[in-house]
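Presented sequentially are two complexes of chain A, the first with chain B as partner and the second with chain C.
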Partner chain A sequence: MTTASTPPKEPEDPRPSMGPVQRPRKLGRWMLFVVMMIVAVIMLYPFWVMIYTSLKSEAQFLAGSGFSWISWSSLTSVIPIGQEVLSSTIVCAASILLILIVGLPAGFAFSKLRFRLSTGIFLVMVSAMMVPLQAILMTEYVNVSRLHLTGGYTAAVLVYAALGTPFSVFLFSTYFRGVPDELIEAGIVDGLGYVGVLWRLVVPIALPAIATVTVLQFIQIWDDLLVGLFFIQNTSDRPITVGLAVLAAGRTTSIPELMAGSIISALPAMLVYVGFQRYLVKGLTMGIDR
Partner chain B sequence: MADITFDGVTKIFADKIRAVDELSLHVADGEFMVLVGPSGCGKTTALRMLAGLEDITSGSLSIGGAVVNNVLPKDRDVAMVFQNYALYPHMTVAQNMGFALKIRGLSKSDIAAKVLEAATILRLTDYLDRRPKALSGGQRQRVAMGRAIVRSPQAFLMDEPLSNLDAQLRVEMRLEIARIQRLLGVATVYVTHDQIEAMTMGDRVAVMRGGKLQQVATPQDLYDHPDNDFVAGFVGSPPMNLLRASLESANDGLRVVLGAQRLDVPATYLSSHDLPNADGPGVILGIRPEDVEVLSGDSAGALMTRVERREALGAEILVHLSLVDAKENTAFVVNDEGALVARPTTLVAKMGPRAGVAVGDQLNVRFNVEHLHFFDADSGLSLRIRS
Partner chain C sequence: MATVSVNAPKARRLTLKRRRQLAGVVFALPAIALVIGFIGIPIGQDVYYSFTQWDGQTATWVGVSTWTQAFHNPNLWTALRNNALLLLSVPFALGLPLCIAVLLHQRVAGWRIFRTIYFLPTAISWVVLGLVAERFFAFQGTLNSIIHALGFSHFSTNLLGYQSEALLALGITFIFTMIGTNTMLFLTGLATLDPSLEEAARIDGAGRWRIFRNITLPHLSRFIQLAFVMTVIALFSALFSLIFVMTGGGPGYATTTVEYLIYQTGFNQGDFGTAALYGLILFVITGVVGIVQLRLIGSSE
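Take a look at the complex of A and B:
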């Protein structure tokens, strides 16, 4: 009897080998990294210029060399920066509060309650997102000046709330559509009314959506110039963006001081964004994984 | 605790769909009533009307003798267990269970005592501080039950509470729910599409189809004496064999004609059933798979069949048979819409696990003549004369 001898099997290499599929994937990741680096440089360069320029005196800026805190220390004497930051904060907080107070119940109603013409009303409301501020600026101004509201913050708060509410209604209704009806029905059978369901069950689980609306509206309102310029007429109430515009429009504008003011103006929005970034992503992608 | 009465309750949705049609049903205090039927039969709508989550189009619905048609859900004093449990995700197990009591303004100590009592019954004491997402499916289901029982409501309403569980857990929870219901003695309306759940859990079972109540009876009565061909085909697994047959006169009685084969109708059926004449429209003959006996050899009165398919289930084999020399397909099932749908094979029989049958074999079968069912060929109603 003859037996054919078979060569002994080589032990398998336990290390993962870089196959033909993995090599292009790694290359792709590197290319992505390079592109992202370029984008980051483009995005961060203005911030670098702002910081770099703000750390010079007017003369050092013109000479192109040197370092000084003078622009920062003289800023408060040039514009009332503290008051302007406070004004921006008040306008932002009041507008966002109003947007949430209207948007939350409206989004809940459009997504969970059955009533006549709900789809039609929802579409009309959401279509207001498409209307740019510039298109209604004059009409709004006429409206609020007839109501004698242009003095303090009221007019700006109302305009910001009117501009932000359609988006918040859209976002909240999208979010609440993902909340199972049974959760709401369980609350109703447990003894809650619709208002109770909204505040005790829906709001606690809608925190990502609330954070999303808050952050997006904060950035938008804090950075806005036009509404503040038009609707806040008392110079003592003007927000930071208007203050900086006034500074920039002066006959002898100090660029380092303007940059220092710009940093103070940009910082809160950046901090809010970084702080709430996690919720923001969650809030904006909601509905996708349901 | 209270009884529940549906009196001619109808629900018509905005799109004119009649989801529940003239439902009249009484659930006694402490009774476990199961509503069962195929998808879209109206069982969940009936339950939601009882909970107050759907308006009633017409008829009256009472709990504990009081009409609740226009009573808000929170004032009906009923507790509901939902299909996906509907636990509040931002609350712990204890908070979930005590939430309804908190709304009612009970003191913290009373709430804690009631929650602990319910958690003990449900074996949940170790999980009271956990959030729902940290629980398994079975534990979530028990929390949903706990949320219902802490309230000591007048009635429990359960909407397919076991359908999200795996098969083994479903069997365990089936027993658990039945145990708790008997322990608490609260009237319970339980909705399911699973007829095994219905048969094993209910004191009585109400079978629905197309919004209409088909029959209400104890599980055994439903199985032994179905009122119509739909109930006969729905209750039991595998379902009852339903064969379209004509009748012909025999020497001193009647014979069922199945294709080219004949089966004598025992004399007892002539008095207990209102059978049509020999030249009448025929009948639907029903026979349960366990009442189809496979014979080893030839025998008088046997039907000749051929094995078309076999399904070995371990403890038994289901053999799908067709009648030899049947000219046309005589067997059918009743689908959700009530239409008769022809079945590819005529008969299903249960055989022992060691039965050596193969596809293509010819088998002689005999029906257990003590358990024949006759239904009207047109209406599908049972021809049994009710005593």
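Take a look at the complex of A and C:
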């Protein structure tokens, strides 16, 4: 190593002592790059499997060689993909809308319009974030069945909204704490009323928080299996994750077609993900990173 | 006269305050109702129905006999053991993302692209990741292709096919699914680290490892705690999709966790009462983990 260190070529080099360190550092950088490439290959593996496998017929898949578009062209006859994507979209949109409708005023109330016991109620509400649906699966299922809500999307939307509300209330109230009280008072003095203040003054400020809730909930609900599986009764109303999971668990559908369906299911969430990454990060670290 | 002039504005302020409180109650009510109706009440019902024999239609009170039967049921212990064994994956689900985040933080050329690539699998449903993992571990899957390509042509694995190994495959898949989220958390934590601190340590002659141990790691502790809690909660309550797609809980009960046992007991065996009881057990487990997280959030304020 020491023999490799040459005297500085130019006498006016400002950092002659950096000479010997330069080379191993550069080597380290290359090693780092190689490691990162390997990790990238591993993380891209699911996409490679989906694309590669979907471009085969069932026979080609079993044989292990050859390519064809047949799994894509026959996809709609095996999986009602259009209907399922539509169902997923409706359930997502309705659930997120309901979460915002109940979450925004509640977040406003818990941060700016405190009432008796509001702190305690808020804490209980936030703890509800931790309750997994599986823990209440049976009683929830029987309740919504007795209320005849499992026919369309109603039960799924209500359950998604209930599960998403605690987090959104937490996020909104944390965000609203930064809104100055004077702004709200000024709005009241101007005769806007509390609904007007919320709608005209607070909501416009809260757009980044609304975006965070929307993006997080979209990915969560779009990717979820459990609620769609148990709270949507008609097979014709199935969201796409349920369609894929049921076919996969049945083990009779050809794998290439399942993979083609998987790609379609993955695309919307990936686009949202890449487009709105920063809102996701904000939501994830809410509470510890302020 | 004096009492009137003092009391009048006070009374008006009180009514203003009351109006604000009333608005608060009205604004909070829909969210409270939704959460009570669809989360709070079902938990209460869990408690009641765990003392009954229940098929979803009629429930008959049987007292603690559901409890004693459940705790004598080997399947519950198998499921709890599976969950406990899966906890062994948590160090990997935290350690690997920590390494990746530190790598990304070095800001090698193209690190933004790498970051997006590493996070991308997080966007996909665990249903789809389960499908892909099933293809990876299958007898004619990628894992065996890799083993054969490395020269061990007469050695093949079939992890998902054996009781003793299926849980390992599930654990590896779980680690993979957690990498994106945890890397994102750690990277956010690293971004808030003051670079001049590391610089000062370097000038003082501290090596890379010492800088990492004494400066970077303590700075990340809060993020590591949060990632730990999120990972453990996911382990108890988010594996359903993976299990449903990859193994169906099998072979036998080899990959049945508590959350999957609830589904099997309730929907496959029609024993809603015992399933409600298992739900209660899951609620207590995640509750304990959740309290830890709440204390973390609370202590930062």
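What we mean here is this: the second predicted complex is superposed on the first by the 234 of 290 C-alpha atoms of A that agree within 3 Å, B and C clash if a C-alpha of one lies under 4 Å from a C-alpha of the other, contacts with A are read in each partner's own complex, and residues count from 1 in each chain.
Rule of thumb we're sticking to: a contact is a pair of C-beta atoms (placed from the backbone, for glycine too) under 8 Å apart; a residue touches a chain by one contact, two chains touch by 3 or more.
On a predicted model such as this, the values are computed, not experimentally measured, just so you know.
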{"item": "Dominant toucher of chain A (residue count), chain B or chain C", "value": "C"}
{"item": "Which superposed partner A:Ala40 touches (first chain B, second chain C, both, neither)", "value": "second"}
{"item": "Which superposed partner A:Gln60 touches (first chain B, second chain C, both, neither)", "value": "neither"}
{"item": "Touching both chain B and chain C, residues of chain A", "value": "none"}
{"item": "Chain A-facing residues of chain B, complex", "value": "51-53, 73-74, 78-80, 82-84, 86-90, 99-100, 103-104, 147"}
{"item": "Chain B-touching residues of chain A, taken from the complex the two chains share", "value": "180, 182-183, 185-193, 196, 201, 204-205"}
{"item": "Touching residues on chain C, where the partner in the complex is chain A", "value": "20-25, 27-28, 30-32, 34-35, 37-43, 45-46, 49, 56, 100, 103-104, 106, 108-109, 111, 114, 116-132, 134-136, 140, 142, 179-181, 184-185, 188-189, 192, 222-223, 226, 233, 236-238, 240-241, 244-245, 248, 259, 262-263, 266-267, 272, 275-276, 279-280, 282-283, 286-287, 289-290, 293-294, 296-297, 300"}
{"item": "Touching residues on chain A, where the partner in the complex is chain C", "value": "29, 32-33, 35-36, 39-40, 43-47, 49-50, 53, 64, 101-103, 105-106, 108-110, 112-116, 118, 121, 123, 125-143, 145, 158-159, 161-163, 165-166, 169, 194, 198, 219, 222-226, 229-230, 241, 244-245, 248-249, 255, 258-259, 262, 265-266, 269-270, 272-274, 277, 280-281, 284-285, 287-290"}
